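Okay, got some structures for you below.
Here chain A shows up in two complexes: once beside chain B, once beside chain C.
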Partner chain A sequence: MLLLFVAFTLWPMVASWWYSFFDWDGVGPATDWVGFGNFAEVLQSGAFWHAFGNSFLFSLVAIFVEMPLALLVAILLNSQRLRGRNLYRLFLFLPVVTTTAVIGIVFAIMLDPAGGFVNGLLTSVGLVDAPITFLSESYALPTVMAVDVWKGFGITLIYWLAALQTVPDDLYEAAKIDGANGRQTLRHITLPVIAPIGVVILLLTFQKSMNPFDLVQAMTEGGPNHATDVVATYIYRYAFDPYLNAPRYGFACAAGVVFGAITLVMTALQGPLLRRQYLKGSR
Partner chain B sequence: MRRLNLWHLLLVPLCLVWIYPFVWMVSTAFKSEREVFLGGLSVLPDEWTFDNFVRAWDTAHFGAYLSNTIVFSVTTVLIVLLVSATAGYALGRGSLPGKKVIVGLLIATMFIPHGYTIIPIFKLVDGLGLNNGLLGAVLATAGPAHVVPILLFMGYFAGMPQELEDAARIDGASYPRTFFSIMLPLAKPVIGTVALFNFMAAWNAFFIPLVFTLGRPDLRTLGVGMYSFFGSEATDWGGLAAGATISLLPIIAIFLFLQRTFVEGIAGAVKS
Partner chain C sequence: MNNVDLSRRSLLRLVGAGAVATAVGGLTSACNLVGGSEKSSGDKVTIKVALTPDPSGASQFYRQQFDLFEKKNQGIKIEVIENPSLQQLNAVELMFQQGNPPDVFRAQDDGFDRMFERGWTASLDQYVTDEFTSRFPAGSLDPATSGLHRDGKLCTLPLVWGKWSSVRMLLVNNAVLKQHGIAAPPKTWEELEQSATKITQAGGGKVFGFAAMWNNGDPIKMFQPTAGAWSIAEVGVDLRTGKAAVTDPSLGGAVELLRRLHAGKVMMPGWETWTDTARIYTAFAKEQLAMYPASPFQVNEVRKLNAKIDMSVLPIPVPASGRAGYSGQRSNFSPLWSMSAQSKHPDQAWKVMDFLASKEFHLAYYEKFGTLTAVESAWQDQAAANPDQKAIMDVAAEALRRGPNPVLTSPGGKELWNAIRGKQDLLWADAAQQSILRNQPFAGPAAQLNAKLDAFIDEQAKALAGKGITASRNDLTFPAWNPLELYTPGQK
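This part shows the complex of A and B:
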């Protein structure tokens, strides 16, 4: 087990750093030392920062759209009196268990401008005159992000539902006796109690959302014209693209290291927030 | 009460958007090529046909992809179970030297972003001569430490009474024997959770199988097969829908059967 851990977890991390100092196409040992050349190239590459920006946008959408929306639905589904809540939960969770790459392709077909289901529906009810080119350069990014939210929504929902379960019933009863209405209860009881877990959910959502490789690769391969490129597809292109004559492993590693370092810093920035909430929660 | 019912007006359309893609997928898979081409909006096919499934299964090799995926997922789960159970046992019981350091290191790797270490892993598996094989993909998936399963096993084994181990030793059981015939069978709940989640993750894996089967199209898993099918036959919507149905139905069925374990497992991740 220790052998596996060293070979597949520690070694790859160290090796990524090591390879990133070489101009290396993966054939034979890495010998062509270029120092920080790859890093300089990554940092100066507009395409890399563009991909990075897109990855970051995916996170922002997950945090500022998916999380609040899931919380709202979770509050609704948490109400004991709501009929069919288990069925709703099941339906909203279903996409989570399915294969992202397959889902991406199903959506690509449904959103096709020529005869796809969504455009067929929109034109037949008269909402749009001409079919929307969902996966064109200008609309592809929001489209893929929307599918990403669709796919990940259920898991965030379950997180919030679990958080809501931790609110003790007697708090609600006390609030009722004190004559608080629904909104006041939510504002002063529910939200403060679940806030510490909310920070954990934030962290989990952030980590999950930074890597939308499967979906992007399946739907658009980062295109058209790199409009939906994220860091993972960017790295994939430099290292594994079958149409590439010589892979650039060293450069791809450097891009991975830069991205890894920045995400680590961003995760670490959430650390103090996490600790403060944790302390608050345990008090 | 009345206000509560109004919320159904929001929830019903929302759920419709969430499950309609699956409905569309299955319905398109049963439609004739002509009907798909004409792009009708009806849910039920005018005439039901299995042609799409036959085409996906034979011509597009989804039959082979399905068995590849099963082999890939089952092997991955077995390795993850074996590794994380033994590791969890070693860390959870007895006084392994440097135990705290190892646990600390494991938890630390959870927070360091990975997934960008695919190139060294690829070169490592390649160096073992296992590139372009399912075993290579299995190793690349199962090899990296699965921290959460290890911690789960560790916690479970740590909570077992010491008397069990002592009794086994008095009866003359060796250390491995104690583990495999006494402790492991008792850890069934953890085994179930770990197996389920890793099976799902392996079934849905895309990046690693993609990278490791670039040179061997016959070894593609369902997700990768679907991707290349779309790349080569982007207009065969009926066939694609059938392929997607073949890929997703097994995992959806498993989920529906074991819903409780799923939801509880995920909810547990937040609470602890």
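This part shows the complex of A and C:
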């Protein structure tokens, strides 16, 4: 186990740190030492910070839109009185198991302003006068984010459903006897009990949201005009873009290290807050 | 316990037997290597060919062709390794790094130089005969202009016709133009703008006058060379002066043309979001689009999708003030097939290379895909009788001229050229796209980029000197080059 960890986790990480100090094209030994040159270039690159900002926005949307929405739907689907709830769960989970590249391409076709299904519908019912270019520079980021939320919604929903199963029925019965209404039950029973698991869901959702590479690459390749560029597509361009005659693996590694470090700090900053929430919830 | 002991013993025996078998196998294969597989009768040498299965249908095509080859060369078996186009170079590099390289591989255009610089490509001169040379147009394998030679040695072979990679054209739907009362296809940028505007305005959201695939500034790279030196759109440098020329009016004019077309909602909506070339030629084939600038392979794709389309293949329009340059052809051919310098069976690998450059193979490729290939004699007569293909050849003759090639001229030129291309932040395409999409003037960002690019060239020259490579602006300067004329190498 330790060997596997070293080979497939530790070594690639350490290697990328090492390579980030070289001007290296990915082939043969890295010999052209540039010190912190790559890091300086990354930190001064407007394109990197733009991509970073977009990655961060993906996280904000996942945490503040996807998580609460999934919780709301999970509470509805957890109701014993809802008929066909397993079917709803299945439908909501289907996008999770669908190939992201396929989703990206299908959505790009559906959202096409010239003959796409969505614009056809919107114009035919008179909601819009002219087709909307959903993937234009202005709308591409929110559009891709919406698709990302839709795609990842099912998994967050499953997390929440699992969390809701941990609430003992006794507590609900006691609340009912005490005359608590639905809102009071939610506020004083459900949410406090699932809060510790909510902390874990938050971390999982945050980590997942930081890497929407496949969806962005399939839908927009980071464009137009880098409007949907995230750190992963930025790194990909420098390391693997076939149009780049001399790939800059060293620079791409430096960008990855910087991104990893900032993500680590952001996760660590959540620690005390989440710990407090966790302890409060488990009391 | 006894059972456990027995199991262990059995296990040890098995391991021992396995080790012996492996050792014997290893020794046997080592003998084969040392003795040469051709000596053992009945043995076949396996040649690994790493290629990309494009265009569509190429997988089956290559297998059929290699089956034919194997029938004629009983001692050779070809193992095909397919990689997606975008992953091919990285995959081949990994194969070399892992010590298991292909014998023959596809490394296209600049990708070949990546392989060559690492010493992975074999020199082919020792195999070349007069018969081989005669397959190609006279003089086209001259080391100075072939594009296939490095350091004076033939190192790679072409697949497509030399002009195929460089020529660009305007595809026009004549029927759509006629429906909108436009008598003739546009010859100038201004006519194009007027015709496209008229069609889009009358098209009712169903038919559009113009569109283009952005793809790192491709449409600008197609229009700009009609107004100035093509190298300006290629890397932002004027090869007549060796200086940054992002502020050149030819580039600015092409950006402004697209900016006006986008701002006026003349272009097919969503064009800026397209990432797949199929999107644009499909729209054209469906007659939603009247005109667009294209590369030659798209002519075939359009015809495959809509055999009856009334299509013209024409030169890219020029500014109203007249032509000031041509699209640049940097060499007679583009690299494609290479032979590994580490091949254990170079003679057999060459036979495969020789087959891939044969008239028989090139004719089959032409007939299957409609691509004009490097061995012109294989398809010349048929292409002359095909209106689409004849039009492509006519456009190439009219709108393409050989230009200087710093990559082939000097090591410093190659390093500087590649350094500029690798410095994405200094390429004009992003600034131009922003200008077009946001309807902002290009001149300001162009001036900033120009200063940065010039400074970068100086910095790079110094940095290369530190690595022992002599490089200066002189390596990027060809003062005798006139963009309106054919360039002869050596002209400085």
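Here is the rule we go by: the second predicted complex is superposed on the first by the 266 of 283 C-alpha atoms of A that agree within 3 Å, B and C clash if a C-alpha of one lies under 4 Å from a C-alpha of the other, contacts with A are read in each partner's own complex, and residues count from 1 in each chain.
Convention: contacts are C-beta pairs under 8 Å (C-beta built on N, C-alpha and C of every residue); 3 or more make two chains touch, one makes a residue touch a chain.
Quick caveat, the model's predicted, so the values are computed rather than measured.
Chemist: Clash or fit: chain B and chain C on chain A?
Modeler: Superposition check on chain A flags a clash between chain B and chain C.
Chemist: Would you check which partner chain A:90 touches, where first means chain B only, second means chain C only, and both and neither mean what they say?
Modeler: Once the two structures are laid over each other on A, A:90 reaches chain B alone.
Chemist: With the two complexes superposed on chain A, say which partner A:140 touches: chain B (first), chain C (second), both, or neither.
Modeler: Only chain C is touched by A:140; chain B is not.
Chemist: Classify the contacts of A:58 with the two partner chains as first (chain B alone), second (chain C alone), both, or neither.
Modeler: In the superposed model, A:58 contacts neither chain B nor chain C.
Chemist: First (chain B), second (chain C), both or neither: which does A:206 touch?
Modeler: neither
Chemist: Classify the contacts of A:19 with the two partner chains as first (chain B alone), second (chain C alone), both, or neither.
Modeler: In the superposition, A:19 touches chain B alone.
Chemist: For chain A, which side has the bigger count of touched residues, chain B or chain C?
Modeler: When the residues of chain A touched by each partner are counted, B comes out ahead.
Chemist: After superposition on the shared chain, which partner residues are touched by A:224: those of chain B (first), chain C (second), both, or neither?
Modeler: It touches chain C, and chain B stays clear.
Chemist: Thinking of the overlay built on chain A, is A:248 touched by chain B (first), by chain C (second), by both, or by neither?
Modeler: Second partner only, chain C.
Chemist: Between 170-178, 188-196, 242-250 or 260-268, which run of chain B pushes into chain C after the superposition?
Modeler: Clashing stretch: 170-178.
Chemist: On chain A, which stretch or stretches are contacted by chain B in one complex as well as by chain C in the other?
Modeler: 26, 108, 115, 240, 242
Chemist: Using the touch definition from the top, list the residues of chain A that touch chain C in their complex.
Modeler: Interface residues on the chain A side: 25-28, 45, 47, 108, 112-115, 130-131, 133, 135-137, 140, 220-221, 223-226, 237-238, 240, 242-246, 248.
Chemist: For chain C, which residues count as touching chain A in their complex?
Modeler: Going by the criterion above, the answer is residues 85-86, 88-90, 93, 96-97, 110-111, 113-114, 118, 205, 208, 214, 216, 268-270, 272-273, 275, 283, 288, 418-419, 421-422, 424-425, 430, 433-434, 437-438.
Chemist: Taking the complex as given, what residues does chain A use to touch chain B?
Modeler: 1-2, 4-5, 7-13, 15-16, 19, 26, 73, 76, 79, 81-84, 87-95, 97-103, 105-110, 115-117, 120-121, 124, 150, 153, 155, 158-159, 161-163, 165-166, 197, 200-201, 204, 207, 210-211, 213-214, 217-218, 231-232, 235-236, 239-240, 242, 249, 252-253, 256-257, 259-260, 263-264, 267
Chemist: Taking the complex as given, what residues does chain B use to touch chain A?
Modeler: 1, 4, 7-8, 10-11, 14-15, 17-19, 21-22, 24-25, 37-39, 41, 83, 86-87, 90, 102, 106, 109, 111-121, 123-124, 139-140, 143-145, 200, 203-204, 206-207, 210-211, 214, 222-224, 226-227, 230, 237, 240-241, 243-244, 247-248, 251-252, 254-255, 259, 262-263, 266-271
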